[in-house]
Amino acid sequence: MAGTKLVVGRWDGPDTVLAAARAARAAGYSCRDAYTPFPVHGMDAALGLEPSWLGKACLGFALAGLTGALGFQFWVSVFDWPMNVGGKSFSASPALIPVAFELTVLCAGLGTVATFLVFRGLSPARRPELEGLGATDDRFLLAFAPEAGAEAGLKAFLLEHGARDVRELEAPR
Amino acid sequence: MSATACKLREPLVDGHKSCRDVSEDVCRIAEGSPTRLWYAGLAASSTALAVGAFLVFHQVWTGIGVWGLNKTVGWSWDITNFVFWVGIGHAGTLISAILFLFRQKWRTSINRSAEAMTIFAVMCAGVFPLIHMGRPWLAYWVMPYPNPMGPLWVNFRSPLLWDVFAISTYFAISAVFWYFGLLPDLATMRERASGVRRRVLAAASLGWDGSHRTWQHYETVYLLLAGLATPLVFSVHTIVSFDFATSVIPGWHTTIFPPYFVCGAIFSGFAMVLTLMLIARKAVRLEAYITLRHVDAMCKVILLTSMIVGLAYGTELFTAWYSGNPYEQFAFLNRIRGPYKAYYWTMVFCNVVVPQLFWSARVRRSVPAVFTMSLLVNVGMWMERFVIITTSLHRDYLPSSWRMYHPTFVEVGTFVGSFGLFFTLFFLFCRFLPMVAMSEVKGVLDHGRH
Amino acid sequence: MNEAQTDREDGIKRREFLELLGAAFAAAGCSPRRPKEAVVPALALAEGSLPGRADWYASTCGACTAACGALVKVRDGRPIKLEGNPDHPFSRGGLCARGQASVLDLYDSRRLRGPRKGDAPAAWGELDAAVMDALRAAGRSGKAVRLLTGTPAGPAERAAAAAFTARHGARHVVYDPVSRSAVLEAHALTHGRRALPRYHFAQARVIVSIAADFLGSWVSPVEFTRDWAANRRPADEWDLMSWHGQFEAMMSLTGANADLRVPLKPSEERGAAALLAGLVADRVGWTGPRAARGDAPPRAAKALRDAADLLAAAKGRALVVSGSSDVAVQVLVNWTNHMLAAYGATLELARPSFQAEGDDASLPRLVSELERGEVAVLVVHGVNPAYDNPHAEAFRAAARKAGLVVTLSGLPDETSALAHWSAPDHHALESWGDAEPGLGVRSLRQPAVAPLYDTRAAAETLLAWSGRPASAYDHVRALWRSEVFARQKAAADFEAFWSEALRRGAVTSPEPGRGEGSFDAGALTRLSPEPAAPEAAAFEPVPYASTMLYDGRQAGNPWLQELPDPVTKACWGNWASLAPEDAARLGVIEGRLVRLRAGALSAVLPAHVQPGQAPGSVVAALGYGRPAAGPVAANYPLEKLLPIEREAGGGADLYPFVGLRSVSVEVLPGMSLLAKSQTYDHLADPLTKKRREHLRETTLQELLSDPRAGNPPEPTAAALWPAHEYKGRKWAMSVDLSLCTGCSACVVACQAENNVPVVGKAEVRKGRDMAWLRLDRYYSGTPGEEVSESGEVETAFQPMLCQHCDNAPCETVCPVLATVHSTEGLNMQVYNRCVGTRYCANNCPYKVRRFNWFDYAHQDQTQNLALNPDVTVRTRGVMEKCSFCVQRIYAASSEAKSEGRALKGSQVRPACAQSCPAQAIVFGDANEAGAPLAEALGDARSFRVLPELGVGPGVHYRTKVRNKKV
Amino acid sequence: MKPAILAAALFAAAAVRAAEAPSEFQRNAALFQSKCSKCHTVGKGDRVGPDLKGVTVRRTNEWLTSFIAKPGALLDSDPEAKKLLERFSGVRMPDAGLSPAQTAGLVAYLEAVSAGPSGPEEDAGLAEDPPEAKVRLPDEGRRVWWPGAAGALVLLAAALAAWRLAGAGPAAMLALLAAGAGYWSLGGRAYHRLLGDQRGYAPAQPIAFSHKKHAGELGIACLNCHHAAERSDVAGVPSLEVCMSCHGVVKKAAGAQGPSPEIAKLTAAWESRGAVAWNRVHSLPRYAHFSHRAHVADGIRCQECHGPVETMQTLRQAGSLSMGWCINCHRRPPAEAPSHWKRSGGPLDCAACHW
């Protein structure tokens, strides 16, 4: 991918950028990504993104936490070292619920976030893309990686759809 | 998103702010030099923290006997403070997670500080179970780790162990949730910064660039975290209440505790959020973001929870009377008429009587009145925990063991120190991190649609 | 003979060994780089002893003149525990709190290291020469030589004293700090014999006591408790239970256990005794001369009439005793006993007791001799005349006029401060000796450890000064050979007899009695005139010997200082008890400082409001206010290391008030809170006033019609889980509340056995006393309204210790499994696992768990030698509690195992059960059929505390039964 | 103190023998084992003292009885005894301090066993300490390695994924965590060392006493010197008196040229009545109570905890003495327990050791 040119348009507001993105998709331009100060609703469809799969990951982590916690507690209390604590049965299971619940939440939460970070490649060492164009402040960007020769048409298209400016950049990475 | 719908409501942010204004207003606090009020606040709170830290050192070095506890009353201020601080923490999670799930957009201005408050409050709370141990240097024994003792695990039947898991999970999830929300704002600040500051922010923001592909998963994760935090917050105070509810001590052993504690936690937490917000909007000039509408909304929550708490007080008394259990009956009579009755009636006054003033809209929008009442509610809620813990313990089954408890300066000072820790962290947070969730506020602005 | 010499030789070695042992205590540590730890084996072990194994020696307790039989537990050369000797005919296995605590006196770091001249160390040779010079000089000048002692410890000491007096023409002056002189004088008048009868409470079905605290401190409390208890527990024949009436001003331990207790001021004792005697005379048809009819306040008079009825009906099985120091009262009591045919039945003059021989008149006589400068040499032994008597001040002044004052006290005291020389005696556990508590009963005292310091047995010292130097061992043996061995027939060989005597500790010789003597009714006509009653507004002082400190000789003993008074539950210092009426009138609350004043005498004490006390009396304990007893008596020296506030003084000295008839009570502005282990005194709470049935009571009369009277069956509770089964042993305990007198011997026994720390006054005030076994004391009624329907303040005691619940609530809540249940039903507490959350203590319904708020353990390295090495010394931050003496259980189990037999539960006795003079505590395996415990648990009186909680306590109690014949 | 007699009659009074009590013969055999076998064998040749096979034929019972009861007296007066003394290079038999009943028992035992063709020890169930091969030191406490291992694997997988997806930074962090978890699960020895495992501790002693020499080469049974282990909770370092009961005579090692300097140290200490401060090797924390007599009574051999002491020149700690290490044997099910144990496993109650 190195050496590809990116065409980046900038908009002032969420509504205009969303309209432009929709238009670009309709016009057959494949938008590489949008960069916005806050999530612009409707952009998923405008960019043609599948819904996030992290919910399933979260469920997986939660189940792992739940079974791990229940299993560990049960193994400890009944098999590894059964102890007579307050005359209760070794397998007195209601007592195992709170810890199992907490570990479920902990595993699910930390696991999902970790998966997200790993999946999106976020780390302290990561270089942000399109830094300095104001996407974290008040600018709304659409980035395209057009085929060679299509840059000029794209630029015009974007300006036509309300872009304040359009620039060509080296693609990151 | 309908512009007409918004028109019918008051704006969530005053002064027709733009995205740029939001970035400017919020980042300014962290970038500029702090106000004099901020310096004064930090000085006061860090002094309190230093006193508290010294007293904790003194207590650990000399022995827990420097507290006023005795053979009958084994817990008092320590666990009162613990429950108090955990309760405070709950409002933050409630605002950031539950209101998020309910799509209450007004939360965006205050959720960041409320979450910070949660984390700091849980830190304060965590200190107390740690230092209340006779041998805090062995505190790691409460974790089940493989060891050369057999291995000897831990007692999964102990509510205190459940606490360990609940509090540490709560802290971990709250901290992750908070930091997760900070990522876009740290990126905003990074873009405005240079030099070392920029490099630190670059690392801290994990290379955030506002990519919508990231935003899409980010929103999912945020929703999941909110969804996880919501039952978590209920479970935490439920488990804290189990410390008492599963015991055999009259006045503790009651099934009403979980909802009672959770409501009390929300109640006290909202009061603390109000206290903090009212200080913060003055100290760092965020009146436009933390508006009277926010104050008003929170007062309504306080009023509601106050009535639930009041109902719980009544129910408790009724249950004790109706149970026919003489120990239970005496425990509550002793709260009302015993040697600690002043605490009980202060609690009733602060928690049930005072909040009734919030029926009046004028009171709800009067900053001095709300500030005073929020403080009173916090006092009342501290009293509630003290009443539950101490008066139940000091006269339980065998009259031969009945004893009075009086705190020493060490306990009082340690409690003050926990406020020091809390406010020191909060002031530092105000100074160095975006106090308002910029990306979220930007999302609820009327972008040129007014 | 050569054995004793061997002792002395290896004494040095032993001492070094002890020092090394002390150093080894310090050499504990834990670091990855392992520190070197030295093991120093003994050069040679005493025959039969093994390292790590306790040896038991039979001996005689030296804490007071009651001379109970004791077994000394010696571990690795150190005596660490005293227990009652079951073979001793008087004490029969019991030992009181003071006796139990006396082992700690051995390791008192203030003990004299050797002879002293004034304050300077000296040598024995030097001392002996100086004393002999003075004695010889006295002989030449014809000035007096006086030997001043308490009641001699036994024949050996008496013989040594006799040798000394004979050699130097000295007079032996005997007084008792806590005097029984009036009883002896009265018998001199009525029976022509100055003697203390031996009382047989076991023979008495009706007991009336006029201010005699015979269960607490009077003459021989361990023996009397055992005898008294014998008639409080007839299992099938309930009508044989004795009836006990008590007439007294203070609420004594005995009064607290009486079936009927009536307040009576000291000035009313004479009238009451006369009234009782007169009433009895009417009922038995006494025809001889009579004493003047007495009178008593209405309530007492009514009670006395009832008592007289019962006494007369139980003629021959009745006993009247009095603690009065008024000879006339004692004469009247003797008369009453005579009319009741008690002599020869419930009390004996034929075989009198030798436990108190002092003469009250002797000390004033000596003081006047001293004042006149007639005394050249005064040798003081076993008493502390500069403190422990009402003439102490005069003595202190007069003693300066004596040529030479020598004290044999092993501890620095008020007298040694005056003395020219100190010739320290051994501790009782270091010396040879004997005792003769009653005619025909002799017990041996043998050293359980070589003397720790350069001290010398008192008998040796006296013999040396008599010119007949002999070792105490030889002296005792010679005496036993001639006096005891010669009169018995069982053993032919003296060595065999001697070793058997040593093994058993006591020997009963079938000596003929001296006859009961005849009652001389003429004494009744020679009664001293009744003194005028004190003015109504004044208070009558009642200085008494307390269960803890008795005469004050053990004031430096931290165990006793911290032992709560059985009735008031206060410790560390004394207090002035006032009747509630008087307190209300004076506006005094507990802790308010009051000044007792009589002429120039004054004592400032914190007030205590005592339900049941006779109005118009003020009661305070003797034995306190001894700055000379050192920092322990003043306060426990923890404050050096801990932020515990200092408290000056250790109470006030009440000896000057002994014998006074009235004092004024002045309320002072200050407060000094009492250090109490129990601050609420009633089973009923103050708000609902409902009585909590933790302590079940009934009356004999109800019990006769319903065996379960006062003891409704336990509620049955549904359980969520099947209970754990205890197929093997299941340890349990049963405490008979009818027998428990609250004497607190078990409390100190537990403290000694289990290394329970002493925490000091300030900590007790905060409610941090550490006793694993406490004695709960409850009054009837509610605060301020203690008087029950029967018109008196009823008191009950309940030993409260870890209940070893089957479903222990403490176990569930511990996060780190520091307390869990054993397969034998013990609730185990693992100190080394405990992190100190205190959750278990909070969740304990019985509040028997104790927390180490500070490093209480034992700053005093010498006292540390009394620690039981079988029990872990707890560090700070750790919870502790009664373990059912698990160390004894495992020791017995290992013992049984190595002997190849099965352990039976009834073979294990925890320290509390062992020490109980009343035998109220039964311990054992609940699954052992036919054992005493099984029988106790099956009793209809058996109940458990708080059964409704479903915790399944393993400690059972038996309903307290009061005999309400009246 | 000598005449002071144990008043432990308290317990002894209740000495009711249970059904499994050892027979008369077994008790006598045990007595022989503990008191005599240090120096004598029956049918296995002379050791320090003569082989006692056939001794009841050689001597009268009265002679034996009086010799055992008061060896000193006979050695000085009796010509037979003097001859023996000469034969055994002047080593005098010490007074074992036996009661008349015990003496009679020993004579009865000697009578019974010296008749047989060879030593009857095997029959009596009192084999000598077993050879090293039979004794297995208990395993280290069950180490739970799987949580760490599983964690390491998960983290490793995550690190690989991170490397693919997000680059080296996150991958390195995860890999570090994986390595930590792996170390935790696999590095048992090091992990225990970290927690104060003292195995291998072998401090130099003030007198270079060799267990190899005494217990190994001379075959002296452990309980001969550490006799307290049988009747006390503490095995005890033997008092110097015990050493001197042999070394009063034995001044040099067998075959050595001159007197042994180590024995000289011992003798010097004894004669000056000075203390020998040995360095403790096996040290339990004060809150852990261990009963030697209970374990000896259960048939557990010394080597099972102390390792092959008879091969150690300098005594060293063989087992870790950690709680897990103890528990490991206490948990041992019947199938795994050695056959010489009289019971399988021990109590798992905390209070069995901690009080």
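Per-chain numbering from 1; labels A, B, C and D assigned in written order.
Note that a contact is a pair of C-beta atoms (placed from the backbone, for glycine too) under 8 Å apart; a residue touches a chain by one contact, two chains touch by 3 or more.
Everything numeric here is computed off the predicted structure, so don't read it as measured data.
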item	value
Pair with more cross-chain C-beta pairs in contact, given B-C and A-C	B-C
Whole-Å separation of chain centres (CA-atom averages), subunit B against subunit C	57
Computed distance of Cα centres, subunit C from subunit A, in Å	80
CA centroid of subunit A to CA centroid of subunit B, Å	29
Subunit B and subunit D: spacing of chain centres that average the CA atoms, whole Å	61
Subunit C, residues touching no fewer than two other chains	809, 812, 817, 820, 822-823, 833
Residue list for subunit D, restricted to those that touch at least two other chains	348
Multi-partner residues of subunit B (each touching 2 or more other chains)	150-153, 155, 157, 159, 161
Pairwise touch network: line, ring, star, complete, or other	complete
Partner subunit A, residues of subunit D touching it in the complex	158, 161-162, 165-170, 348
Residue ranges of subunit C in contact with subunit A within the complex	720-724, 805-812, 817, 820-823, 952
Contact set on subunit D toward subunit C in their complex	1-11, 14-18, 20-22, 97, 193-194, 196, 198, 201, 203, 227-228, 230-234, 236-241, 270, 273, 275-280, 283, 285-289, 291, 293-294, 296-298, 347-352, 354-355
Footprint of subunit A on subunit B - complex, ascending	1, 18-20, 23, 144, 150-153, 155-157, 159, 161-162, 165-166, 168-169, 172-173, 176-177, 180, 183-184, 187-188, 190-192, 202-221, 224-225, 228-229, 231-232, 235, 239, 242, 438-440, 442-443, 447-449
Subunit B residues within the subunit D interface of the complex	146-152
